[in-house]
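Structures are listed in the sections that come next.
Note that chain A is present in both complexes that follow, paired respectively with chain B and with chain C.
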Partner chain A sequence: MRKRTLARGLAGIWWVTLFFLYAPLFVIVLFSFNSANSTAIFENFSLAWYRRLFGNEQIINAFGNSLVLAVSSSIIALVIGCLIGYGMYRHRHRKLGWLIVLIYLPIVLPDIVFGISEMAFFVQIHEWTGLLQPGLGTMIIAHVTFQIPFVALIVYSRFVGLDPTLFEAAKDLYASPIKRVVHFMVPTIKPALISAFFLSFTLSIDDFVISFFTAGPESATLPIYIWSAIKKGVTPEINAIATLMIGAVAMAAIFSMLFNRRGRR
Partner chain B sequence: MSYSGAVPTARSRAMVRETRHLLFSVAPGAVWIFIFLVLPSAYLMGVAFMTNGPYGLPQMPLSLDAFERLAGVGFLGWSPGNLYTLLRSLWQTLVSTVLVVIVAYPVAYYITTCREKWRPILLLLVVVPSWTNQVIRAFGWMNLLAPGTPLSSLAESLGLVAPNMGLYPSNFAVTLGLVYNFLPFMVLPLYAAFEKLDTAQVQAAQDLYASPVRAFWHAVFPQTLPGLLAGTVLVAIPAFGMYVIPELLGGGKGMMLGNLVANQFAGSSNWPLGAAGAILMLIATFIGLFAMRRIGKRLGGGEEVVI
Partner chain C sequence: MSETMTAETADHPGARPAANARGRANHKASSIEMQGLHKRFGRDTVALDGVDLNIRAGEFFTLLGPSGCGKTTLLRILAGLEEPDAGSLVVGGKDITETPPHQRSVNTVFQSYALFPHLSVRENLAFGLKMRGMPAAERHSKVDEIADFIKLGDLIDRHVDQLSGGQRQRIALARALICEPDVLLLDEPLSALDAGLRSQLQVELLRVQKRLGMTFVFVTHDQQEAMVMSDRIAVLNGGTIQQVGAPRDVYERPVNAFVAHFMGHDNLYPISARKSDRLITALGELTAEEAGDGELLLIRPETLDLLPGAVEGPNHLTATVAERLYRGSHAEFRLAIADTTLQATVNNRGRHLPEVGETVTVVVAPEDLVTLSE
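Take a look at the complex of A and B:
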């Protein structure tokens, strides 16, 4: 008897928590279809805000900036991070404590400190040399900085999971180091490369704070655009763009669920 | 007598080659992080010890002005504003972490009681909201808590808030936003701990007629401590430095340290003061990480705490 009440209580807490987790997202989706310019009263179903969305050049630009930033920073971080990951593996018997500290620094630093120190530094360098004008360039630099550790750790753990004799075999098989990289290394760590790229991409697309402080006037990303729109005064247009972003996340969730299922079969 | 360098042996040549390899593979990333993160942080720390110039930019004589300002000493005598912000940050971190723990325990346990094939899906359901951008999530709460919404009207009719004020912006909204934001980070490690739970101990406690509370406290809780610790690291440390949630949900009276720091670089410019705040945040972060590691090691489950 007592056990059953416990189970019921747990299930109750679960459903309430689920409601709590999805209510704010649901409200955004609901009011994006509201015909009235209100986030309190739902009048009629309408797609007016979506129509306005696709006519809004700023939003299209922000979306483009987000994509350019995410793709280019992920590619750079992939190359640099891979090298570190491999170096860490190959020389894992040496004392590399300083390298570990360096790699964990971007992960443990609070993002507000991260963003502000970069911004202050870039501004000062710009004053002295004229380089590093705030814009997409500085944002790419900042994003690469926080992506490198994740790529390096993913690649490193993939190498650690490999049979060490494979490297000897590859050495016997291919004389030139370049051939070894092309025919052995890259194919064997391909899954790690793919997941590192997607993780970097997601981190970049999702980032707000670091982008916000390193951005220039012309390089607002989607989250920055939404932020400034909220600050200026809420319009249901934000609900519409946010709904599209929530939709993208929902798609990703469904994919990962299907992928998970198939992986276990 | 050593003649190293004069006649390179095969071994030393291999050493040189290995070192060169290490340099070529590791150097680009290490230099990148050094130039674009270590140097900027060092620069920021230097700024904290400089004087505030006319445009908010740092100026030369070195001083401790910024830290005095942070402690509340200003031109007009002492004012507690900045100290309140600090205390509020600590308080919000504490309250939201405790609330997250209280919610996460039953949720994580509930998932382990479900059938095995459902568990990944239930976990995914908990995690998915945190995949959406944090600005959007905070905006969702703004929509839910604004004056005139059903929740706000309910709170008004219960006399919890003054009429027409709504539940947002307020400290309550910030706490709620923090709990919402960080709940998955506690559920995941707790779930991992529950899944490894040695149920024989719980069974033994029940056989010995322990009350559910005592059984939980003596047989279950100690086993979930590593998960709790990992979760606390993932929740409390980022919560203390949170910027977006207090900025959107808190208003002027809900400001936390992150906003104090950021404001000094934007509106009311005072770079040294902002940098001093950033140093404080760094110190708190490292004390937090260090303390958790120590506790983790003492529990013997140190390696399970992901830092």
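Take a look at the complex of A and C:
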């Protein structure tokens, strides 16, 4: 009897958690299809807000910026993070633990601290050299910096999961160093690479704080646009943008999970 | 399932002559000469302490020893996965001491098999040929040929995940053989398998080696396995070679106490005095023929005869049965003689097997006695 009560209580917590997690998202999605300009009363189903959204040049620009930022930073982070992940694997038996802590710092550091320091840093460099004017370039650098530890971690854990003799088998079977990379390492960790790419992509699309502090006047991303638009009140247009972003991020997350799972098998 | 099938076909090596004949006989075998090989890990761990060893072309050669004796390090130096601190390595007349592994015509069957998880069985088999730049069509026919030779059957179309231990072992063997190396290295390839499958694959491996005439260097810590498989055995301990010889030499005439113990011998007695061919030990006085001049006497348990009761005679020792282990085909006895004990193994021919506490006479044949050094 008591056992059953406990089980029910635990199940209750589960459902309440799900409710608070997904109900707000559901409301946003629902009201993005509202014909009325209201976030309280749903009148009729309509795609009017989506039509307006695609007619708004600012939004299209912001969307383009978000996409360029996410794709380019993810690719750069993938290459660098992959090299670092492999390096961590190669030197895992040496006393390099403190280096690994350095790489993990951005994961635990509050975004606001990270964002402000990046901004101050870029301003300093710009003062001294005239380079790194705030804009898409500085944003890409900032995003790559916080994406790298995630990529490195995924790649490292994939390598650690492999039988170390595989590296020797590749050598033994006539693979030169370059061929080992092309025909053994990259194909073996491919699922992890794809997974890491999609995770980086989601992190970048998601990010507001760091983007906000490193952006220039021309490089507002979708989250930045939403933040500035929302000061005039939440419109169903914002709901429509949010709905599209939910869809995009959910897809990236699902891809990331699928590929990672396939790699583990 | 297919393991049992191979067992049946393997009993008839002539059943598939096409596979045997096709371009296999003309494979050139290579000899190996190792000189003064030293290897140290870190500051204190000496893995190899001056190894000189010659392996003949086409030989099934086994490196035998306990873990940490240096046998795996020696194999890894042959493969090029480890570099010796000193010494030279010549294979087929060519010095390859400094040659990186991917440029050596040497292939390895790893203990963990090391099959590539991202590739199918077929792609695993073709990997070495692909890395050497063989065109796809030629690779394909080579893979079919080796699959036929090792009798892989439908395993070839499976994924690596779907294979059992024994199947992986055979794929790993095929993947190494397909490259037709000068030397094939095997690092305890059977140690992960259960006893039945293990002895079946021992026979299969031996047949493959004999048919190809390729030089095999095999590493194991199992002296039974070494004796079954090898043309010659090198026993290693502490990074040095203790003895090199045919299985019978090493088992019947071990050169020192370590080799004797490692080959499974327990009946070792210090010789306290010698009068020409008469040796005094804790057992009493025994006459030996051509025993050599070592300071330890070795008596192999299976050379002894037991007679019931106390019988006087030359090389007859009176003993009491302290322990009897009945093993069906034979029985093992621990016999108390004077202040020491002696192990004896007696074949079960249906005759009387002495009971514990019974007095027996041990008959020692002079020609079976061997002496060795510490």
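Note that the second predicted complex is superposed on the first by the 218 of 265 C-alpha atoms of A that agree within 3 Å, B and C clash if a C-alpha of one lies under 4 Å from a C-alpha of the other, contacts with A are read in each partner's own complex, and residues count from 1 in each chain.
One rule holds for everything that comes next: a residue touches a chain if its C-beta (ideal position, glycine included) is under 8 Å from a C-beta of that chain, and two chains touch if they have at least 3 such contacts.
Please read all numbers here as calculations on a predicted model, not as lab measurements.
Contacts of A:183 after superposition on the shared chain: chain C is touched, whereas chain B is not. A count of residues in chain A touched by chain B and by chain C gives the higher number to B.
In the superposition on chain A, contact of A:253 is made with chain B only, not with chain C. By the touch criterion defined above, A:160 reaches neither chain B nor chain C. In the superposed model, A:20 lies in contact with chain B only, and not with chain C. Contacts of A:108 after superposition: chain B is touched, whereas chain C is not reached. Within the superposed three-chain model, A:227 lies in touch with chain B and out of touch with chain C [touch as defined at top].
Within the superposed three-chain model, A:131 lies out of touch with both chain B and chain C [touch as defined at top].
Chain A has no residue lying at the interface with chain B in one structure and with chain C in the other.
Chain A contributes residues 162-163, 165-166, 168-176, 179, 183-184, 187-188, 190, 265 to its touches with chain C in the complex.
On chain A, the positions that touch chain B within their shared complex are 2, 6-7, 9-11, 13-14, 17-18, 20-25, 27-28, 31, 39-40, 80-81, 83-84, 86-88, 90-91, 94, 99, 102-103, 105-106, 108-114, 116-122, 124, 141-142, 144-145, 148, 152, 206, 208-209, 213, 222-223, 226-227, 230, 234, 238-239, 242, 245-246, 249-250, 252-253, 256-257, 260. The residues of chain C lying in touch with chain A in their complex are 79-81, 100-103, 106-108, 110-112, 114-119, 127-128, 130-132, 161, 175-176, 179.
Touching chain A in their complex are the following residues of chain B: 18, 21-22, 24-26, 28-30, 32-34, 36-41, 43-44, 47, 103, 106-107, 109-111, 113, 120-121, 124-126, 128-129, 131-137, 139-144, 146, 148-149, 180, 183, 212, 237-238, 240-241, 243-244, 248, 258, 261-262, 265, 271, 274-275, 278, 281-282, 285, 289, 307.
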